[in-house]
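Here it is, the structure in full.
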């Protein structure tokens, strides 16, 4: 059997999908997080329930939504609610197992910036769309999985603006700030998967994707990262790639973005 | 029973420059864009707009110079416009006052207004720069009677000793919604996701609703479990088919990817924006001319939702 | 034309109904308040919207509900909601023009007790059902109308337990306590209608019902009440009585209670 | 998809003595009374019950000696029982711990629990003895790990200087609901008034739902706007037709005035209560025997809701 080749976007989505366990409640943000959740639902986690901040709860989506407000998020849904129910009752109520997020910048402790680039928040070099639900999902999910393109400028020591709390400045700083949810479990990138040490919350490379090396990761990371335990990510299976390409995103909206 | 029916132009005439607005919908869905274009044509200025996740409807209002200040969580149209272009340009050039909150925090603020409470508690925004850095300076807050005295307050819960963030209530002069169905008496039926429309409406002094279909009060009273805004809180009803275009309306039509990308590309430059406004706002006198300008019957037919889906499953969304 | 005779219950309900203006939003408590609201809707206030705390909003009731949770409150309703929407969005949101209430005890300043009789709240002589929505309606409506049987033991100088705030201890004490709504406008009893002076919030008899006299009222009232301006209540019209008996309460559930 | 179906006895077996409970419904409507009778038969004790406006369902639980403490706003069955008789007798004799709140305050407390907040703000109860007098002594609060540290806290709003009352969150071990329709996977459909069932369910660690009709998940997914409790928050589903009798269920059957008055008259004395319990709880082994004991098919037929009404418009409610 021929083994299918994958793109960096594809392996990122596949690795992210594998972070979802069956039966979990998944809060998915716009973009690749949706692909990851839809792929997981069609592979190893058929009973995971996906939740969207705009109001769709536990759908059985047939067509890829372009954003979390898309009508496509509602197909077969158990509930059509709104921000009120999803943020208050489901997210802050402590019912989300894993939140899936992206961000323009991500720093050493998994804090995200999706607000503004540059040293002066009021007069930014680049103004970004803003938090949306990102700060909320980061604060209130039992754990989060972050999906991001691995480039040095996107992985600084410290984000320009902390939109969404990761492990803050490491150690128990997140807990001390009174944040109820559990923090980032994994950062899935185009090069590998970063995880965090239990007590110190220091990042380490858990795996590097086929074709990448720990050296690539270090070169594209703006903070120090321990790569000593990294193993190679197991390649996407043909099944994963077929489903991703043919079922999840047949138009290539995100995969050929 | 009061008849609250209005024409689009008359509805827009009620909305004064300087007013505070809440605009219903979410990114690319169910915004009252026909009404907003009419406000631009009527040359309204100095709006203060409160939003959660807005799309190009608010971006257009900013670009047309109608907005003094935005307090919001997000402005984008998904992958079709990953950063709302005027939002970006106006902030980068210092032409727009803004304040950042998260979606849950904006939800909490509108909810407080809807409930008659001066604030709402949330566990979100702890540990973020949204609690550390203000968009509005203390002076501009003092100058502006619309602005809350401060952005947020951190408190220790007296029952549990947990940290809780209090965010100030929003009460707007007007809430503008676009919904699937409404009756002349002001009953409103939202299909699909509610977004934050119910709380936005109830946090407002006057609510103006544009709708795809005008229906009998009796029809909506048949399923009272699905009516979520009391008719006594609704002040104007306007019948505007395709009133959310280029955004989508669940069960009626999809968002228009071609037009959203055309908007995004146009609005990335000032010249492009001027041309867009001339062509699709100032250059069309009403909703009918607008619908012709964006492609008329053929294009609208291609967007229509299919039964059982709520959207058009055949819509080509990957624009070349 | 023969003028119909009325009972004390009937004139009380009729006088209460007349306190509702057309187009108002009325919050009705269990019992006679419902009769008053239903009668008003069929007489001079066809466009008043009635709201019930259990969730029915703006119904067009055909059959008398026995309590505010009764399915009969839903007939023709504009909304079937619940306590959350009614208390938060409609009542505390400031959308109720007039709240209609009863109470076991009512004192000089229109404070109500529906919790417990006797000097010791924890060990009461008679334990009553409790506030229900009474405290809420009293605090948060633009004004309230109270309906009560006029007996001396029910009209003490001071209630044993202040379940629902009237004008507290008079003057601007209600405002000082931070209560947002407007306070009692009228107490409609089996003998007459009590109202309150604008600044002092002292009670006075506005009218006495046909058959009653200011002296009767003084004798059955446990606090001092100025009766100097009282006029006779205009008798229920035949229309009012016919509608009350034949349409609103044909079973005599409350009228022949 | 998880199958959450349970038998009534098995559902009751999950609910331990000493647990805290929220019980759905409102005065004479939609209480899970069949499940409560089963709890009495299974000799559960020491429940802490949080309620807003309860009826004879909670009064019966009190009378049967299953309840240690009630925090509530109201116990009565409208004109059929203007004061719940055991509630009255148990408090007057000092046999029941209690705390009084208003309905809006209990709503706020459950809402806080549902939202993961430690408290909720309200403008109600200002100026009342509910803020001045506690039912629970400070010692009993200290003794009881279920109790909030205090009844309520008055605060000055940091934004508006208005006075605001903070009430402590309620989170219960179990929420017991009776609804019109539910699916084996735990989707729930409430028809007519919601009461506070949604917030009570979401403020609870485990939710057990009894229902009039068991339906397919697919059927309930067809109108997702009407599903208000996520199925992942529901743990058990029990099919119990007439499971709310003697209370009513909108669209299914009316409350039973004869039985509610019989209950009220019986429960006014201890002897009467014992006879009632023997006849309608201990003396019947299951729901079928109970329905026979209360009049069987003829009586139930007389209560059935008529189409287009949701109740029985011919029901004689003035009991001699």
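Each chain gets a letter, A, B, C and D, in the order it is written, and its residues are counted from 1.
Heads up, the rule we're going with is that a residue touches a chain if its C-beta (ideal position, glycine included) is under 8 Å from a C-beta of that chain, and two chains touch if they have at least 3 such contacts.
Keep in mind that what you see is a predicted model, and the values were worked out from it rather than measured.
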{"item": "Of A-B and B-C, whichever chain pair has more C-beta contact pairs", "value": "A-B"}
{"item": "Distance between chain centroids, defined by C-alpha means - chain A, chain B (Å)", "value": "27"}
{"item": "Between chain B and chain D, centroid-to-centroid distance (C-alpha), Å", "value": "39"}
{"item": "Inter-chain centre distance, chain A versus chain C - centres from mean C-alpha coordinates, in Å", "value": "57"}
{"item": "Junction residues of chain C - those touching two or more other chains", "value": "56, 74, 80-81, 88, 92, 140, 180"}
{"item": "Residues of chain B whose C-beta touches two or more other chains", "value": "116-117, 122-123, 162, 191-192, 194, 198, 225"}
{"item": "All pairs of touching chains, each written as two labels joined by a dash", "value": "A-B, A-D, B-C, B-D, C-D"}
{"item": "Touching residues (chain side chain A, partner chain D) in the complex", "value": "23, 25, 47, 49, 56-58, 74, 76-81, 85, 88-90, 92-95, 140, 180"}
{"item": "Chain B-touching residues of chain D, taken from the complex the two chains share", "value": "116-123, 148-150, 153, 155, 157-160, 162, 164, 166, 168-169, 190-192, 194, 225-226"}
{"item": "Touch list for chain C against partner chain D, complex", "value": "30-31, 53-56, 62-63, 65-75, 80-84, 87-88, 91-92, 115-116, 121-136, 139-140, 161-165, 168, 173-174, 177-180, 251-254, 256-257"}
{"item": "Chain C-facing residues of chain B, complex", "value": "1-2, 114-117, 187, 198, 202, 217, 220-221, 224-225, 227-228, 230-233"}
{"item": "Chain B - residues contacting chain A, complex", "value": "25-29, 52-53, 72-80, 82-84, 87-88, 91-92, 94, 100-105, 107, 111, 122-130, 132-133, 135, 162-163, 191-199, 248, 250, 254-255, 257, 305, 309-311, 313, 316-318"}
